[in-house]
C-alpha cells in the first residue's frame, strides 16, 4: 500500500440510532476521518438506514439527537452515501423518508464497492 | 405478595456460551439464588440451549469453561430445567447432545410456566 | 407498589440505562417506591464517578446518584461483575455501593415487581 | 505485513477482546508487526487497571499490557469514548494511552490491514 | 404477564421468540429499538396483526418519537413512561432482552 | 475480501445480511458464536451449501471446540488463529459485527 497515500475507507452503519451508541460514535469517527483527505464513503445497511429517518425527536428519551449531523456531512466533503435498497423496502421506507440525498443501490452494487476498499469499518 | 415467603423465580438463558458472558454470569446468579429456598426454575430458549451442549473444550479460546457447572445444579436443588423443543430441533440437536437431564417441552408449555412466575430474569 | 430494577448494560453504549432511569422517575412520580437498582453484567459501569460526558449530554452516573439521594433508591453493583470490569470502591459515585448477588435475591423477594433492562 | 486492530467491545462481556488478543498473538508469532490496538465504543474499558478477575480466569488488561511491553504494540483508547465511560489516565494499565480518533485514522492509513473485533 | 421487547425484529430474533411463548391476553410492550416492529407498512405488519388477535400491543411513545415513527400498525396503542408503569402495576414483567 | 461473521444466525441477521453483499470468490470465516452456522444438520444447512457454490467457507477451530461442535457441513474448512492471520495476509478484511 506504500505506493499511494489515499486509502479507500468505507464506514458501514448497520444499527438503529438511540438503542445503541454505535451509529452516533460511528458518525463521530466519520467526521474526524473526513479531515484526513482519504477516499471516504458511508454505506447504510439493515437498521442503519433508520439513522437517516426524518422527524427524529429525542427529547422524550433524554438522549441528544444527532440525525441533523448527517446533513452536515456534505460540508465535510463526505459525499458518497450509499443506502441499500432492500433494507429500505422491507422497512416500508422510501427515499422521501430520508433526511439527506443518498444513492440508493442494490446489494450487489454496494457489495462491489465494498470489495474495492482498503478498509471497511462496521458500526 | 406479603402472604407468602416463597417466590417463583424463572431464569431464562437465551444466549450461546462464550461469545458473550450472559450465560456464565446468569449461572452465577442462579447458584447464589439457589441458597435462598425460593421456587427456582431455569428455561433454555433459543441459543440458550447451546449452553448444555456436550463436549465443550474452551482451552483454545483462553476462556474458562463452565458447562460442567450445569451438572452441579442438581446438588443445589435446582431441578426444574426446561428446554424448548423447537430451539433444539432447528439447531439439529437432540436430548442426547445435552450434558444434563432436562425436561424438553413445547413453547406453549414453557409459556404457561412463565406466566405463573413472580419474577422472570433473562440472561 | 414496591419496585426493584435490574440493569444489565453500561451507560451510553446501550439505551438500557436511560430507559431504566426514565421508568424509575415515572414510577416515583406516580407514588410508587423504587427500592433498588441492581447493576449486573456491564451494568456495573453505571456507577463510576470518572465518567465525564460532553456538557450538552446527560450525566448518567450523576443522575443515579441524585435518584439515590432524593428518593432513597439503593444503587448497588454486583461485586463479582464489578471486579471483572474494574469497578471498585474508590471510583464509586456517591450513593452507590458494591454488594453480592444475595442482595439481588432479597430485592427480588421483598418487592412486588422486578423489572429488568438490558441489551 | 503491518496490522492495526480496532476493538469495539469491553473485556469479559463479549469474546471480542479474547479473539483480538489471540489474533494479535498469532500474527506476531508468524512474524507480522501488530502496530496498534485501538479501543473504541465500550472497547475503551479494556485498559482499566482496577480490573480484578478471579485468579483462575484470564486478566485481559494485564494481557494487553504485556503485549505492549513485549512486542511494542500501541494500546490506545479513544478519548471521547473514554470520557463517557469513565476511563481516565489515573486508572490506565501500563503501556496504554488515551488519544483521539485522528490516531485511528493514521493507523488505518499506515498499516496494510485494519482488522475489527466487536459485538 | 407483561412482555417487553427492546430489539428491532429486522436484526434480531427476540420478537419472534417472544411471540412463541406469549399466553393469550398477555400485553406486549415495544420499547427502545423494538418500536420499529410496529411502524406501518413494514415487513412485520402481518405478524403484528396476528398477535393482536389475542394480545394487546403497546409501543412506548418517547421511543417512537425519537425514531421518527409516526405511522403505526392499526390497533397498536401508545404509552409514555407513566403508562409503562401502569402496565407494570397490573402485571408481572417479562423483559425479553 | 475476507468476510468474518461472529454472530449466531439463529438470533441475529448478520450472516444473512453479509451473504447479500458477498462477491463471488470472497472467503467467509465464521468466528465466535458465528460458528454455530456451520454445525451439520441445523436449519441453515441449505444456505451454507448455496454460498459454498461460489465462496470458500471457513470456521475458526478453537471456537468450534469451545462450543462442542464436531460435525460440520460438508465442504467447510477449519483454521486456527494462525490460519485466520493467513487469510488476512491474502485479503482485506470486512468484519460484519
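Lettered A, B, C, D, E and F in written order, each chain numbered from 1.
Methods note: a residue touches a chain if its C-beta (ideal position, glycine included) is under 8 Å from a C-beta of that chain, and two chains touch if they have at least 3 such contacts.
Quick caveat: nothing in here was measured; it's all calculated off a predicted structure.
Novice: Among the chains, which is located farthest from subunit F on the basis of C-alpha centroids?
Specialist: C
Novice: What chain lies farthest away from subunit D once each centre is taken as the mean of the Cα atoms?
Specialist: The chain farthest from subunit D, judged by C-alpha centres, is E.
Novice: Find the geometric centre of each of subunit C and subunit F from their Cα atoms only, then give the gap between the two centres in Å, rounded to an integer.
Specialist: 38
Novice: Quick one: subunit B and subunit C, Cα centre-to-centre, how many Å?
Specialist: 25
Novice: Residues touching two or more other chains, restricted to subunit F: which are they?
Specialist: 6, 10-11, 13, 32-33, 62, 80, 92-93, 95, 97, in rising order.
Novice: Multi-chain contacts in subunit B: which residues touch at least two other chains?
Specialist: In subunit B, the residues touching two or more other chains are 14, 18-21, 46, 61, 63, 119, 122.
Novice: What positions in subunit D touch 2 or more of the other chains?
Specialist: In subunit D, residues 12-13, 15, 19, 22, 41, 57, 80, 114, 116, 118-119 touch at least two other chains, as defined above.
Novice: Mind giving me all the chain pairs that touch?
Specialist: A-C, A-D, A-E, A-F, B-C, B-D, B-E, B-F, C-D, C-E, D-F, E-F
Novice: Which residues of subunit F touch subunit E in their complex?
Specialist: Going through subunit F, the ones touching subunit E are 10-14.
Novice: Hey, which residues of subunit F end up touching subunit A in the complex?
Specialist: Subunit F residues touching subunit A: 1, 13, 17, 20-23, 26, 92-97.
Novice: Given the complex with subunit F, which residues does subunit A contribute to the contact?
Specialist: Interface residues on the subunit A side: 14, 45-46, 86, 107-108, 110-112, 114-115, 117-120, 122.
Novice: Hey, which residues of subunit C end up touching subunit E in the complex?
Specialist: 1, 3, 8, 15-16, 19, 22-23, 25-27, 29-30, 32, 113-119
Novice: Please name which positions on subunit B make contact with subunit C in the complex.
Specialist: 1, 5, 7, 9, 21-22, 25, 28-29, 32-33, 35-36, 38, 119, 121-122
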